[in-house]
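Paired with chain B in one complex and with chain C in the other, chain A is shared by the two complexes that follow.
So, the complex of A and B:
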């Protein structure tokens, strides 16, 4: 995660002539100040609700709920960043989620059983999942084709997608809710069933820690090899330490979320453990949706900053004509961003339908607004060329923490929407102000 | 270049395909209406026959085409009448055209599921001019001449709360309401809850409200997220939630998903609508009660009433034949049309603009694991569907 927090191409404005020693030190670590600010804002929001709730909000169990609720939007936001960076928009993501979620539900309860693959077939869920991911990619690919090759504006194509795909959800089930998915599939949705357990969580922490250190070492070597300026040694050590601490800290939080007492008693009985006084504590560890978010963030960040595809996307967003003239196959690049978006929507749909143990007509409705809001709050600019994936994930967490915090404090959902809207505008206003000040200097 | 040309070709193919499907629909619709016209012509040829026309506002909600329509049609045709209909596809103007066309086809009685209760006025005039009596089906039309056939909507809330109070007479309740802009969610259902004694139980301290939350657009995921936050909050307070009064089935589905995700022991949850997923949850013991409005019975009453109005257009004299509907569903006011005071166009009771209409107000039925057989007997769901995934060891009687 530490690597995710470091800004990518922004060359260190090292010569920040003695304005402020702290700023200079931060610049040396190459931490993206924007992201750092968002992290501070997120903690601030949570602390605010914590106080409002009389000191009850910030607890491992609640933080896990919050992260799981944000997971679908966060995963989709990583793809939306690339779409907005390349000067497009995708309004259809909520409806794609609807179609794919309904496909999962119908595949498992109706279509696959009709082909002889009943609910009791092992790995039936995997077949459904693969087909669902394919449907997502196909829908995204078709829209991307219309946008990139036929030249219809993305706003129009995906607005059409928003309407027609939502109608498709209705046609698929005649408007009825479908329920009863395979138990294995439901693990994708997290909850008490879908967490990886204590040991696996510590393994994840260890692997993450090693990966962070490995990346830092690799980065330093590469920079030395090509004669680029390197971070001062203390900054490297600090980054490694903070990254490792974050990985271990998050795992500790996940492992402080225990199985509910009733289920713990059952667990003790099944495993022949004598329950200690005060109840058995069975740590749940990371839920699957949270792992999926981490994976999507890392994979998409890698794709966006370390692969040619990502470079092309940012190049096109910065100046489409220049990118075209430089010989980039811009159409194929744009189409790929939409295919990717479709696949990410299908992952979000898996989480959504697994959480619901089925699908309703409304699954994913208005998700497009939250996904776009998350990307924008996370610093993605509609002017194109600017935006980071970790920023968008943080944006999703900020938006969801507002909803969760208000809901936790029993504020009604219309009020939740009012607050979410105001924060969206404030975040962008603040960002615009900061950028203007930055360029005026 | 090749790709650009390919793109153009594909786009053209897509357009042609879209156009084809459009005309396809148009043709089939034309064929349907032609068939309806010829049926109407035949019925007029057979003198003294009764033609019952239904103007549906939509077929998008599954129930209208799946439950209401076949029951009206069967009842009318069993009585020797002819059935014709039209679907306005959620369009007020389309519905006015539909009504004119249905009356032009020789309708003797009009059953109207109004898209817009105020906007339907011109259709009533058309019907009155042609001397065609009108039945307001499921949705009220503010006009004293109509016959109003519906379920008791306040009674739904009352039935939900009564069933829940039987299961959990005292304890910590969570209230999950629907969309704040829908009078059903903010006014009618809660007043039904209070009729069953919710407010009294709160005042006497028997019931404590842990949380009271609306759900935008009756959305299942919103209800789930809200419920998860409520459970977290209650856990932080060390409070055990004993029951959840949810207003309808889509919110109840979200509540059940949240309880499961949190590993909460199953607690009684209420709902209404008789949705398949929720009745399956009742069979699995995940939802305690689902208040069910049997649209099959509503359709039968409307069909029988329409046949009588053919003989005698006086709406006050209509009587449901004995034994046509299930006694549990039959109006408490008896089998003859009873007077019903509407809230009036402003929606406020006792404001001076009320109408008194003749009505059949059917009773909703609370469905629990014990009387799920009603769902099977009525043919609402088949046993295969209802009992899918039910553990045989704890199966309710209907699934054994």
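So, the complex of A and C:
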């Protein structure tokens, strides 16, 4: 990217000088143009549906609902990126979610109480959560072992997983739905119960701003330490400002999502507040699922770009032989991607079961398709070696916005699927075209 | 013309491979081959397609296990089971395919599998780029594209990245498999110059090549393989390129070949 500063930026098709200058400026900020484009697409989709709905779609409550609905798929998509980048696939994620969600429900209502840890035990939910995460890791690890060490193609192993794990859900509960989870656990699902409130939301915004600025300064120092070319100062300031504005803006949106009027009245009564005319406004702030998505995105991006593990995943995806000849333990690397996927499925399962206050037989069903679609729309290539985690999260948001926007405008669900399918193919077609144009020089 | 003839008295070999055998199914890709490499020496390894050169050398670089035989480094028997073992012994291999991860940049490739990390195991990309800039400064001073995926580099630049990997980690034994096959004349000259330079620094170099002239120009000794066997190892000074060519094609040492066989080679 730094080369773009010294050489001509990007292949110049046509003689559009103005757009070239813009491209030069964009290159100076070292912004990932692909991600930027997706962000624009996301805003475009939302605006389109907003207009279609007569200006009703874009408001804090809807945006938060949309984000919560996308959270499970978004979290899993961060792991799916690494799986696809290393030339594998995981078709079993939806079924893993099903098994782990059922595990949470049964642990809290049945298994743990049998061991003397009843629903009234403080932190019983935490015990269930840890065991559930462990179950996710074990299932992922077992499939990863079969793929990496036994050498069975991942498509086959996880297709088997898709079928047999979904069957396992039925066997676990003898076909019954289970409900009644610990109240603390249900917060993971977000909603009125599971939002962190106004102050904490502003704290999150503040921490995010500090982190953004800190990271920019750190990166600049790192490059200066070796005398490498650095971004122009205006670009650094712009990036910092945009980053902070985004953090503050998102927090403001979350804090403009208020407690529903009925509950607000109840809240006022409980807290001895006299309700002002027009109703009491109690900001809800970020819901937990959204925070979990942010955390998963950050943690997985760190793993993918700043740790050996991530480097090996990408190198393996680019050239498996080269990774092997470089002395990388490729099998263990592949197995780890599946363990990680299992853990992320378990987090998604926690959100799913918390929202349901239990588990049904079909929690997570067809999730694998949306997770894979999110990763692919987000720029992950099946050829291996290419894909980013923020891209996949944006991909999940794009897919969910389509679904949400269409159903908001009373489009029926079969039509939603038709649109989702077409968009998936178009996104990849567009990407393929762009890459071909980019490399043909 | 046995191994003893070619050996340089008074110096211990850097590497000795003794009675190496590798079989794929029923086929002996390498059949009872013994060769030695001395410090500051270039040993050319030649032979036709499927002669077993690459397979032999892959047992030394850890890419393939030998079915039997012994590898001695500095006189000590060593078990080389994987590429990590070989690298730990300062054996570096530049493969014909270059073995680069196309989707990551030059520093990531140079340090692949041996990344520099700061405290807490975080990749230190700055330090790795800095080190890569230093090595590349020696190999290809014009190289500036440290942040682009190596996929978009030219053949010569990619070759330089592959060589930089071996040079940075202080190889003592370097294996170069067809290092000039994909290069233009200027880049070939650069690689030849580098081989001279490394040789002067006391490295031992295995040079595998189809190009008999390359081998003749650069090597001190030449080992010829034919259908998995070692035909013989000769000192360059003792033979002509035609002799070596005859060994490659006939699979016999010049003194064993009949007049008729030799005549057929030069119609």
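To be clear about the criterion, the second predicted complex is superposed on the first by the 421 of 441 C-alpha atoms of A that agree within 3 Å, B and C clash if a C-alpha of one lies under 4 Å from a C-alpha of the other, contacts with A are read in each partner's own complex, and residues count from 1 in each chain.
Simple rule for what comes next: a contact is a pair of C-beta atoms (placed from the backbone, for glycine too) under 8 Å apart; a residue touches a chain by one contact, two chains touch by 3 or more.
Source: prediction; values computed, not measured.
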Partner chain(s) touched by A:325 [first = chain B, second = chain C, both, neither]: second
Partner chain in contact with A:78 - chain B first, chain C second, else both or neither: neither
Chain B versus chain C as contact partner of A:410, first or second or both or neither: first
Partner chain(s) touched by A:228 [first = chain B, second = chain C, both, neither]: second
Which of chain B and chain C A:307 touches, first, second, both or neither: second
Contacts of A:388 with chain B and chain C, given as first, second, both or neither: neither
Dominant contact partner of chain A by residue count, chain C or chain B: B
Partner chain(s) touched by A:315 [first = chain B, second = chain C, both, neither]: second
Touched partner set for A:103, first chain B, second chain C, both or neither: neither
Which superposed partner A:154 touches (first chain B, second chain C, both, neither): neither
Chain B/chain C common contact set on chain A: none
Chain B-facing residues of chain A, complex: 53, 56-57, 59, 61-62, 65, 68-69, 109, 119, 145-146, 149-150, 170, 174-180, 189-192, 259-260, 262-263, 331, 352, 355-358, 360, 362-365, 403-404, 407-410, 412-414, 417
Chain C-facing residues of chain A, complex: 1-3, 6, 222-223, 225-226, 228, 305-308, 311-312, 314-319, 321-328, 385-386, 439
Residue ranges of chain B in contact with chain A within the complex: 3-4, 6-8, 10-11, 60-62, 66, 180, 211-217, 219-222, 224-226, 228-230, 232-233, 235-237, 249-250, 253-254, 257, 260-265, 275-278, 280-281, 388-389
Chain A partner contacts - residues on chain C that touch it in the complex: 61-63, 82-84, 87, 93, 95, 97-104, 108-109, 112-115, 117, 121-123, 125-127, 129-130, 133, 144-149, 151-152
